[in-house]
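Across the two complexes that follow, chain A remains constant while its partner is chain B and subsequently chain C.
And now, the complex of A and B:
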């Protein structure tokens, strides 16, 4: 993989060239990562620490007849074995999920998915703990599993959640957005309607670091310190307080360096709770770190949406309406993580980037005998599914109308003057200039030349495809008047302190899993107050050290926490003005700001730098009334709206006509995330997301057999793309600032993961279209592509 | 971290030492070479040897030695060494074709030809390569040395003629004049095991007809080469029509199973398609070497 820079990099040279504020600087956190000095949960070793291992169910659906732990307890080094029965006594056998459901911590009555937690062994070392798992004798009475979501609501289907009183089926929820009657009316009078079932199969984020925890309960103080792989330490602390009864001020959650999250580390897993229980029971710290298969088989999966899509248009290509019915497989417990009011996340942005007259969706969630989860993997709360649906439908419409898919999109994109744009399902898109991004992408791609080349190749029987995806995201959840997670408003705090010598520390509530927060957030402060980023420490991940906030997922860090940081810096800057005025013996209103310094209007030589002001604040300067002697501030930011980043992606593929093998030859990604803080970090996020997109479009898939066995439980079967599968990424950008965000920035962490799979899939279908193919579902593995070529495309589930 | 069951570990210093250690530690002791098949199986607890006999210090098994009539390769030769060898590339391009698509550089730096053959995974690429090159396997045990054909060596999936107390020490590829070879694999992703792969080796008579040909398929349930398909070409001048016929017969002979890599019909199709491709390339290569030899002569 090589990387094409579409604009000149910042010279890596001397400090004089380094931006104080926004710009391309190397990541502050990287020296420790590239030197192998990152500090992860599994690096934590506490005195007297024990090790836990989880026994997991080999079957998907079974009544638990008995568990005998005698032999395991007798194994050398084993300290304790905890079963569901023990947890029942502690009232901890079931824990609330983030979606108003409960999840079994350890099985008490019935196993509901393969890989479910059955018992917890605690031993002196992890080898003894692992060996003892084999010595636990469990008797299962195997039941018929519900594997196919399409049959979950069949009258005779086994009831998975029979522990809930009165439950007679596997139905979780029905949820609607938009206006059904209006949409039906538009469809009734449309010239052209295209229908297609589109499946976004189950995948898994598979972060490089699996999930784990070290729990340290101190019985005298009754205090719990929990080191865990969490994207949301504060939310976890509150939930732990509620579930465990340990008072919140006695709980400290520390998320050290996190080796990738992608949404996999938002929820609270049984393993975390078991580590805590283990520490309470044994009186010693307990470490639990899952292995790769445990991560793939039991933690938050992503997608699993079966979408019936329909699009209506006039015969000259004006798109009128989109409607869809979705069957959502949520697994055995409804443990999706999203704003609680939105059980389908933000799927209702399936109206995409187009000016529609009507839209409607209905989503039905069902239980199946599979691992719980559903909102994970850089999906911006299901915008991935929404974008795949609408972008596939638009392409199918183009094929039906025999129109170029770029032309069809250009004709229907929301126009710059229509922003802020209210769509038909209740969103208010903040800003956009879609046509500009689309045209830039086409220009970088050399779109017309590509189409010419394709024509020549087709004449020779070669299969070349060009695919487009234009996406709009909704990220930065979210305004407290509209959304919360289990009652917690989705705000984020920030605290900024300027030390007397002018160095600073900013404490934030969001938690980096690789996004580069230590750099980006320092740059935001630097831009606002003119202290160089290297003089600003960013502290995060420790609930004792940072203000409350909901954490990092759904691309919300920059939209929400970034805003908090900008505002807290402005507060400090404003306070600095008063102190500077006192120091210069002038009035605050006579001062003017230039980056890093307040000076006297009309006399720029008379002024005070932030460092001088900081020393003044902590020194002996007589302070004006109401100004206390520090240069600190704090804010909590409640976003007025979400931000709506967008992008225009074009993918070129070649398909081997003899084998169905797909090669992604080119990928052009034009992103608009508003104000760009560190372009290098943005590009890194985009490159990673595009690689994820290749994975999802071509290979990543968690399948199940009829017995409910997980077929993607190791990297032998769950394939992740390598540098060999990805092309030279060609990136470009436009800048349309968010009007309501303090610095105009929008989130970008998930844009490429959301936007790229449809571009690749559309390219594959385009390549196969001479053979009469109009649709196939991802993943486009060689076998599945070949089947599509034979006119036998089948859904993956 | 996946954790294997408990095991002992000893390091052998010579072939004799390794054989003695295998003998001493008995039926549940196993040789470890690159460890890239055995260790994953141990971590998944699919294999539970009580003792590992490490042969990585046996430098006498790490060689690539061209002789007049054969190429000798030590069992401990790493995939990466094969891939980088100019002798191998010149004599048996099929090995390079195959090595390029075996696993990834990290695995290739450790994994060995001996380990690959002894693992005898049904989707293992070098087995097909050895089959079509009519390789010989040299096996050493307490009773001395045996030389086996590949037919004798392979005993089915995960089974070979190498006994627990024996070592595979060497592979020999006979060198034939006017010959060419090729391998092609379809995989879902770089580093994945084959969905299906095909290998072919051909040699020509002086007048340009096929003297001998061998065709093998990987991951479709076959042992040895496919004589029905080979018979089509032997004694004749290669042509697209014959390749197609050979491909059809290879597909017919194959016994693939439906799995995550693909359904049966697709794998049959690949058997056909890839057979034609490797025959085409092997013949082209043979004719190329013939031309260069003639120019040199």
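And now, the complex of A and C:
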């Protein structure tokens, strides 16, 4: 089943196939990328530029006894070697994290995870810098690490953060949402309760481009230009100003083309800070680009939640309540990037898409001897974990009640008339028609036929599984009164200028890592004011060129910045009305808008196009009082609520009974992201997220041995789906606009990453259910599936 | 040591350390930055270039090993302002998002189409299976390559007629 969508063409465009505004158009950024002219951080070469490399700890937990840099400094081409001791003198040895903790830039006292930054070598070229790393002599006094979060709070466990005065354990926070007493009461009277521990293991976003920076400090002006792989250049500038003491107006952050982010490029890593320090110390630009192992071992991990899930229902399948206790492994420093009030992100949307009577969750965060991070992989601030929990529990309930999992979901989904829906943990879901999406997904899948096929195959001993996931996201953070990151409200700005000839430039505060902002945001402006997208330049990624805003993560670009862009365009359109009225010598209230022009009501032949109005604004037209001579505007958008995209996913797998290998045969994804701006880009976002889902459900996993050694530190061990592991995706969509968003758009960047892992896992468990399997943890690697088939516990890797 | 090779049709000669990787030689010496580097283990394929028409991972080839050979990078795909059908196909079918793996993917696709002008889905998936894309989920890359197969350049048509 193929679904196509069309948009009414703009009659003013003169080309019926080319939409002005929303619709499928080719991406404006593609011509440079297909010619190899993308401009990434590592492509930047500045005159006199030096190269930095980081020495990293080979052990997870150790006292630093001594560092001897003599031999490294003597190596040809080496200009400087910086250690933690040097940074102590500069008061830069520790930097604040995004979660009110601090993180060591270079080790001064103790190593706290394998791969932690120990020293920084600066040399004339990258080979010399790497050579010199081998010549630094470090003496470690190795300590027992805390590897398993389950033992982090044991009495007598080694205290990882013993540099914090008075700290005697590894506890970071306890956080709750919902009502425990109400939930307990519902559970006490429920017919059926299902309990399961569900582990969402440590993962890593692993964008194709690793993290890197080029720092250029100009001492006479005291000005810093920092080119870096950043999803949030403005927030980074403010934080760099606070940490370094360089005044904010003297800092320019440039985030050029970014080779994928997925959350990996939200945080500020020691490497960025070291490049800056290196440039200040040497007086020359310094480039630092990490290698793949550094990326996987030291930058933001994701997930690492151990969830005790419980679901309560009546015997005929009415879901009553869910509750969970979560142990959250935050690594050695609490560096998660999320709104301040929410230490577990938006995990408390674990009530999912169902109409419940009660819900309660408690999350406990702990330190371990692992890399810091936590919210870093297209997770919409922990909605991934929430959806895995609730969708797994619902499937287990279906299995226990011997009900079809689709039927159970249809029985319990929130009904269209219940929106806006207040759930039991404090969210107000903006809009939805869940049943319509679920039924469309089943129709595309041919659900009943699949179940028949499965029955036949089971009779022959074949292991075919069908898995469902219905997810509700909460994205577009967020209202300033509730949401900030290190004190910065989560709003975004937009500036729009229409040049005299009717061409436009829109400046935005969010930063594309491949999402196609240069196209989508041009289309939003085009839809609002009728200037074709090709005549609208989208400027982003440079703090000197763009208004302040918090950047791109948590699927917030379209919900927040997209709203800002729509509103700034409307402001320009309104101003254009007054100028057009002056040009036409009529009253503004006598004008009517059609895409691209204001005309006189009742006389469409008399009007002015945006280009004519722009020339008028900048020309000699006598302007009405209060209207200045330009066609520009700016806004900052503070979202009134989050947006709640949703979707219904169905996965079909075949499990090889001889090897435990899982093949994803089909995957059907029906998404509802509200108003659709460019269907081609939306489909691309969904496809990418589904592939991440296959990775997380079947392959990707950052494991550790008992000594705290990272076992997923390269692409040899951390397996990412290739073209051979994923099927031809089957997508569909419904459209339920967000009622509070200026254009009704909800965002889609992370929907599929959030929604797909449980569909695949549920399919695998469904395939194995004839063998008595009720649950297994992801990733469903052949070894783990094989163990589950034999009735054994899931092996660690 | 002195290294000579043909890059995108141009004869070049440079002094280089024997240990320099081809990817660094291309990026740092020749300043052709369309070829990217993505992993240390020859798994990701973002560094793929063509050596004598065959895709190689330039992070696993020493520049010295390319001495005397012909290298094609993404910068050599287009002819003047005329894009290779593969480049056009990637734009038509949304075969790229962040653009980082794209040069390597397109070069592999070009090599595939040169030896198999009408590949099916499986053949395309096999051809690109040594390369990782984190953005697209591969289906649109497959469609892009098929678009290129269905829209061969004019010269290719002529060649096909000759060989037929």
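The rule is short, and it goes like this: the second predicted complex is superposed on the first by the 777 of 797 C-alpha atoms of A that agree within 3 Å, B and C clash if a C-alpha of one lies under 4 Å from a C-alpha of the other, contacts with A are read in each partner's own complex, and residues count from 1 in each chain.
The rule is short, and it goes like this: a contact is a pair of C-beta atoms (placed from the backbone, for glycine too) under 8 Å apart; a residue touches a chain by one contact, two chains touch by 3 or more.
It should be emphasised that the depicted structure is a prediction, and the values quoted were computed from it without experimental measurement.
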Exercise. First (chain B), second (chain C), both or neither: which does A:690 touch?
Worked result: second
Exercise. Should A:19 be classified as contacting the first partner (chain B), the second (chain C), both, or neither?
Worked result: neither
Problem set entry | Which superposed partner A:43 touches (first chain B, second chain C, both, neither) | second
Exercise. Which of the two partners, first being chain B and second being chain C, lies in contact with A:416: first, second, both, or neither?
Worked result: neither
Exercise. Who does A:588 touch here: chain B (first), chain C (second), both, or neither?
Worked result: neither
Seminar exercise, completed: Of the two partners chain B and chain C, more of chain A gets touched by chain C
Exercise. For A:500, is the partner it touches chain B (first), chain C (second), both, or none of the two (neither)?
Worked result: neither
For this session: Check the residue A:127 against both partner chains and state whether it touches chain B (first), chain C (second), both, or neither.
Result: both
For this session: Kindly classify A:30 by the partners it touches after superposition: chain B alone (first), chain C alone (second), both, or neither?
Result: second
Exercise. What is the contact status of A:209 with respect to chain B (first) and chain C (second): first, second, both, or neither?
Worked result: second
For this session: Would you mind listing the overlap between the chain B footprint and the chain C footprint on chain A?
Result: 126-127, 291-293, 714, 716, 720, 722, 724
For this session: Under the touch definition given earlier, write down the residues of chain A that touch chain B in their complex.
Result: 126-127, 130-131, 289, 291-293, 658-661, 698-699, 703, 711, 714, 716-717, 719-722, 724-725, 781-783, 786-787
Problem set entry | For the chain B and chain A complex, residues of the former touching the latter | 1-3, 5-6, 44, 104, 186, 188-193, 195, 260-263, 266, 269-270, 273-274, 277
Exercise. Hey, which residues of chain C end up touching chain A in the complex?
Worked result: 17, 19-20, 24, 27, 31-41, 43-44, 46, 73-75, 77-78, 83, 87-88, 90-92, 94, 96-103, 106, 121, 124-126, 128-142
Seminar exercise, completed: In the complex, the residues of chain A that touch chain C are 26-27, 29-40, 42-43, 45, 126-127, 206-210, 257-262, 291-293, 513-516, 680-681, 683-684, 686-692, 714-716, 720, 722-724, 726, 728-729
